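Note that the chains are named A, B, C, D and E in the order they appear, and that numbering of residues resets to 1 at the start of each chain.
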Amino acid sequence: EEQQPDSGTEQALTKVKVVLDWTPNTNHTGLYVARDKGFFAEHGLDVEIIQPGQDGADKMVASGAAEFGVSYQESITMARIADVPLVSVAAVIQHNTSGFASPVAKGIDSPEKFEGKTYGGWGAPVEEAVIASLMQEKGADVGKVNMLSIGDTDFFTAVQRDIDFAWIYYAWTGIEAELRGEKLNMIYLTDYSDKLDYYTPVLATSEKMIADKPEIVKAFVAGASEGYEYAIEHPDDAAEVLIKAEPDLNADLVRASQKWLADKYQDDAPRWGEQKLEVWTNYADWMYEHGLLEGKLEAEKAFTNDFLPDKE
Amino acid sequence: MDGNAVDIPVLTVRNVRKSFGKGAAKKDVIADLSLTVGEGEFVSIVGPSGSGKTTLFQMIGGLTLPDEGDILIGGKRINGQRGNVSYMPQQASLLPWRTVAGNVELALQIAGASRKEAAELTSEWLGKIGLASYGDAYPGVLSGGMQQRVSFLRALLSPQRLMLLDEPFGALDALTRLSMQRWLLSIWEANRRSVLLVTHSIEEALLLSDRIIVLSQSPAVVLDEFVVPYGRPRSDKLWTDPEFNRYKERVYNVLQESLSKGTGDSHV
Amino acid sequence: MGNNRIPWRKIWPPAAVLAALLAAWQIAVSAFGTAEYILPSPLSIAEEGINVGPRLLEHTLATVGLMLPGFAGGAAAGFLLAALIHFIPGARSGLYPLLVLSQNVPVIALGPLLTLWLGYGVLPKLILIWLVCFFPVSVALLSGLNDTDPKLRNYMEMIGTSRWTMFWRLELPHAIAHLFSGLKIAASYSVLTAVVAEWIGSEKGLGHFMMLSSSGFQTARVFAAVFLIVILSLAMFGLVVLAERICVRWKPDRKGE
Amino acid sequence: MDGNAVDIPVLTVRNVRKSFGKGAAKKDVIADLSLTVGEGEFVSIVGPSGSGKTTLFQMIGGLTLPDEGDILIGGKRINGQRGNVSYMPQQASLLPWRTVAGNVELALQIAGASRKEAAELTSEWLGKIGLASYGDAYPGVLSGGMQQRVSFLRALLSPQRLMLLDEPFGALDALTRLSMQRWLLSIWEANRRSVLLVTHSIEEALLLSDRIIVLSQSPAVVLDEFVVPYGRPRSDKLWTDPEFNRYKERVYNVLQESLSKGTGDSHV
Amino acid sequence: MGNNRIPWRKIWPPAAVLAALLAAWQIAVSAFGTAEYILPSPLSIAEEGINVGPRLLEHTLATVGLMLPGFAGGAAAGFLLAALIHFIPGARSGLYPLLVLSQNVPVIALGPLLTLWLGYGVLPKLILIWLVCFFPVSVALLSGLNDTDPKLRNYMEMIGTSRWTMFWRLELPHAIAHLFSGLKIAASYSVLTAVVAEWIGSEKGLGHFMMLSSSGFQTARVFAAVFLIVILSLAMFGLVVLAERICVRWKPDRKGE
């Protein structure tokens, strides 16, 4: 909406909304680029990016209050089990970049060192299960980890007090630590378990959208894909687009994060956004085994690659 | 008992009974009370404290229903019906957030006057009772006496057929009280509105009224009706008349007698 | 008075209104075919509530355990502060704005600080509840203390009543109606505040339960918790009303209500 | 002017001035007022409404400071100092949330009595004034007259050397008023406490007091001091004495005269 | 009275207290060497605030634009509701619990519903503010309306005052002190509520700014916004106090305060 592309089709654009999963950050850069560089407009869409309430995007997308949303695999899995008809249409980042971080001084460089330490999280069962899985690999006992709920307090505050390690996205919190010159030990989930290499975040829509307006879904995913590809190729420029759109963001952090993330969006996949069935089944099975799901996921229905643009 | 039997009296209270509370706590306050106030008649009620005079007024005003009996105004039964009387209570009851003039105007407007009429009448009369300069003041800065005078004015100017005055001059100093009585007398004798006055002062009752009704201790009944033998217009130096003390003593003795017969709980 | 009669007369009208509301809700949800995960029907909320009954009870108890000391502490703090401000000459104008200020430091800024200073125990949560509850109590009490009948004050001053006696015997009893209206507000807020406080980090309680249920798309559970919150709130409110009735015996019966 | 020149008077008011407001709104209420109340003396103040009697009491009670002049109790200057008097105000001023007994007890406790003393004294005296059965009632259910009687009792039982009574019987009915006056007289004549009474009733002043001080309209000065010629103990039928009316008229005329000389704003 | 003198006499004590607090804060931060990202010093907050001044101003205006109609609408709704409940016999007992209930539906349950029904516009946010602001106004006004001087009521009834006149001329003026104490509470809450409402999805406003700053670890900016929130709140509070002074002219001057 800021720069209407002169090349764009002149007939009326279709208005659609995309709801973010959290405050704007480098996970969303592709969407901002697609909007502000006119990629969406080229596909006949006028996209409004909406920042979410406390409750995220999922329900709004499922109910049709917004057409698209930013979500993540775990959430869509749970949603589908609860009969909420969400479908993932693209993986924003190919591999899980989250992990357990702690100041190096604490010496937590391997999951077995969690023993006797205090973990600060949200109090969700999935956290304990993930920590347990990692520790299992090293034959350590999750029962010896002290679990504390820290709610919304940020990582840096938490480790000042009571907390030894917490779960972060490296692209954001980890990069911030680099910028501050604070050394972190990072234990990535993917390093210890393939099953935990789930997609986070993803772009989602509802089954109804797919059934009723597949062309709009196609247009949206195509635009987003161009946006993220632009971000992959021009991280510096893409960062500026995001900063311009959301001037209140921490600009230094955005630039550094963008640079770190540029080659993580697509990574080893044949094209940006590609999702694999085994990633969906693996994680759902893992969740089910750990009692985190009340049913079995029909993984084929949870995602689709059908709307991704064909690689030329 | 009733001087104006041919005309319909302005107020008729007929065999009224009233008690408060229920069961064991039940307390008869008024036991079979009848009285009338004729057109243009000035009637006073004298009775001991707690004999139910305020309660009687509340029934006439329609605030409480008598347990038995009727209250008629102009021959129409008005048990429990409001707005038929103008009223001056024991305590001034001026709205503290309205100016003196505003208080008077409000009463007139409630009684049906237009804003303009009310304002004119009020400023005219505030002057007449010597409170012109207090028209824009709030009641809070007035002394108790002045407040009561405003309260009186408010009742006087309202157009209803019956005025109820509940111990209206009790808070005035002796001097102002006398001059107010005199003044009320002169106004009243020129207009002859129907008034029912509760007073604790036998002198005041003698000076102002045509008839004095003496109530007993609660449960109240009419002990005596005393027709005041003075003609009209009356002299305001009535109290220097040697007969006056005799009349006063007579009413006093009626009251005194009833008290010694009563339960005596609330009196020495 | 008839102390036995009042409760029924008082309870059925709101109960009727509530029942009507619930019925309308049930019908509306069926009629419009609203999705379960957005707005479940009262019946399915009840069903789900019963299903997870024992766990819900546990969480409820945890919340109550946070709310009661929170409310009591907040009310006490509000009372003390108002009394203090009332007693110290000039304190009213100096401190009143600080009271207002205290209501305006958002949790997003305060949470981390409290955590930093007090750790992750129950204390920072209690402080958050105190912070919310003390305010209406203080404000209401202060305005009550400032509103004493001048005639009564004049009498008490004439006979040489000490400042302290004046407070206990005249000003406070006079302000009691105000105090209770402040307590009612604080009571109404105390439950929800406890729930919000649980969001800043807690392993149990209705707030925690709602958070997890919501992220698990179990909206019926969220609403079951909402029902419990509402019930707790009404109970707190009722307790305050009861306390008021016990404290204020001298008011003459009103007609009408 | 002062009958007890040798003894130190209980109360001395010396050349007191008081005005309210500032600048153009300034209003002189008391202009150079002096008076004394001797040990065991009963002094009444009579003056028109708004003449500053309540203001004078507030200065004696220490609530407001005189602009000039001194107030001494027992020879000690107490300008602005509280707790030296017991007090009965114009309006009953009972705490509505305390029972009748509780109200009286509170006053005694404030004056220094122990809880037990206060309770005993109160229940004893409530009986004496015929209000025994109302001890546990809240003031709200009492009639205006009863409230005022409780208020009087409260002042009477307090131990301070000087009692200030501000129009204490104004709200009582004639009968109770007379019986209360009589009763007060009998108590007082047995105990001889020092009393300063504001009253609007010249009769009351004549009946009760040793001296009557007549105040002018505001700004108030002492117009006259009238030593009441009746001895003690006094008959309560004083008002039937033909001389009584003469004394009454004399005080009345002093007041009347001053009013016609005054600005006359607040009087007809 | 001296209308010109009062403001100064009223303003300096809280200003002094605030200044003392800020000074203590500055010194404490320097003394303990607290990390900037946890608790920045007042000076660095001010500096950062000036740096992002124009944007901060824009956000502030957006919040004010949400807060003012929110407060006004909430207060009006509170007033109307209280009046309604007061007028309809039996409504008090029937509806009062619903008022309490309305304060206890957490945003987590209500937010999605409002968004679903009303979209992402300004309306759901306004409704949240109304919901918070109407309550103290209603409760305070109701308790005031119920507390009229019986002597005055008796007089008005005797002369046959209509229900309506009774309300406007007696009950409401009497309740005005209560009303204003409710308005003060509502005003104190209105700013923060607007900020919280912005958290349920907004592209501008101080709430949005705080959210982004907080997730970007820019604590000084968060606190700059907190300062603005506090200032706005005090301004709102001051406006209500001013309005009270204008409306309640008849109260006699108090000694002391």
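As a working rule, a contact is a pair of C-beta atoms (placed from the backbone, for glycine too) under 8 Å apart; a residue touches a chain by one contact, two chains touch by 3 or more.
Because the structure is predicted, anything quoted here is derived from the model rather than measured.
Visitor: Could you run down the chains that neighbour chain D and chain E together?
Guide: B, C
Visitor: Give me the step distance from chain A to chain D, shortest route via touching chains only.
Guide: Tracing touching chains, the least step count from chain A to chain D comes to 2.
Visitor: Listed by label, which chains are in contact with chain B and with chain C?
Guide: Looking at chain C and chain B together, the chains touching each of them are D, E.
Visitor: Please give the pair of chains with the highest number of C-beta contact pairs.
Guide: Max contact pairs: C-E.
Visitor: Compute the centre of every chain as the mean of its C-alpha atoms, then state which one is farthest from the centre of chain B.
Guide: If we average the C-alpha coordinates per chain, A ends up farthest from chain B.
Visitor: Please indicate which chain is farthest from chain D, where distance is taken between mean Cα coordinates of the chains.
Guide: The chain farthest from chain D, judged by C-alpha centres, is A.
Visitor: Could you work out how far the Cα centre of chain A sits from that of chain E, in whole Å?
Guide: Taking the average C-alpha coordinate of chain A and of chain E, the gap between them is 38 Å.
Visitor: CA centre of chain A versus CA centre of chain C: separation in Å?
Guide: Roughly 39 Å separates the two chain centres.
Visitor: Between chain C and chain D, what's the gap in Å when you average each chain's C-alpha atoms?
Guide: So the centroids are 49 Å from each other.
Visitor: Averaging only over C-alpha atoms, locate the centres of chain C and chain E and give their separation in whole Å.
Guide: One centre to the other, that is 17 Å.
Visitor: Using the touch definition from the top, which residues of chain C touch two or more other chains?
Guide: Residue numbers touching two or more other chains: 38, 108, 112, 116, 211, 214, 252.
Visitor: Note the residues in chain A that touch 2 or more other chains, in rising order.
Guide: As it turns out, chain A has residues touching two or more other chains at 55, 59, 63, 154, 157, 160.
Visitor: Which residue numbers or ranges of chain D touch two or more of the other chains?
Guide: 91
Visitor: Pull out all the chain pairs that touch, please.
Guide: A-C, A-E, B-D, B-E, C-D, C-E
Visitor: Could you pull out which chain B residues touch chain E in their complex?
Guide: These residues of chain B touch chain E: 57-58, 61-63, 82-87, 89, 91, 93, 95-98, 106-107, 110-111, 138, 140-141, 158, 160, 164.
Visitor: If you look only at chain E, which of its residues touch chain B in the complex?
Guide: 151-152, 154-162, 165, 169-170, 173, 176, 248-252
Visitor: Where on chain D does chain B make contact in their complex?
Guide: 46-50, 54, 90-91, 128-133, 143-146, 167, 170-179, 183, 199-202, 239-240, 242, 245, 249, 252, 255-256, 259, 264-268
Visitor: Over in the complex, which chain A residues touch chain E? Could you list them?
Guide: Spelled out, the residues of chain A in touch with chain E are 17, 19, 22-25, 50-55, 59-60, 63, 65-66, 154, 156-157, 160, 172, 176, 246-250, 253.
Visitor: Quick check on the complex: what are the chain A residues that touch chain C?
Guide: 55-56, 58-59, 62-63, 75, 78-79, 81-84, 120, 122-125, 147-154, 157-158, 160-163
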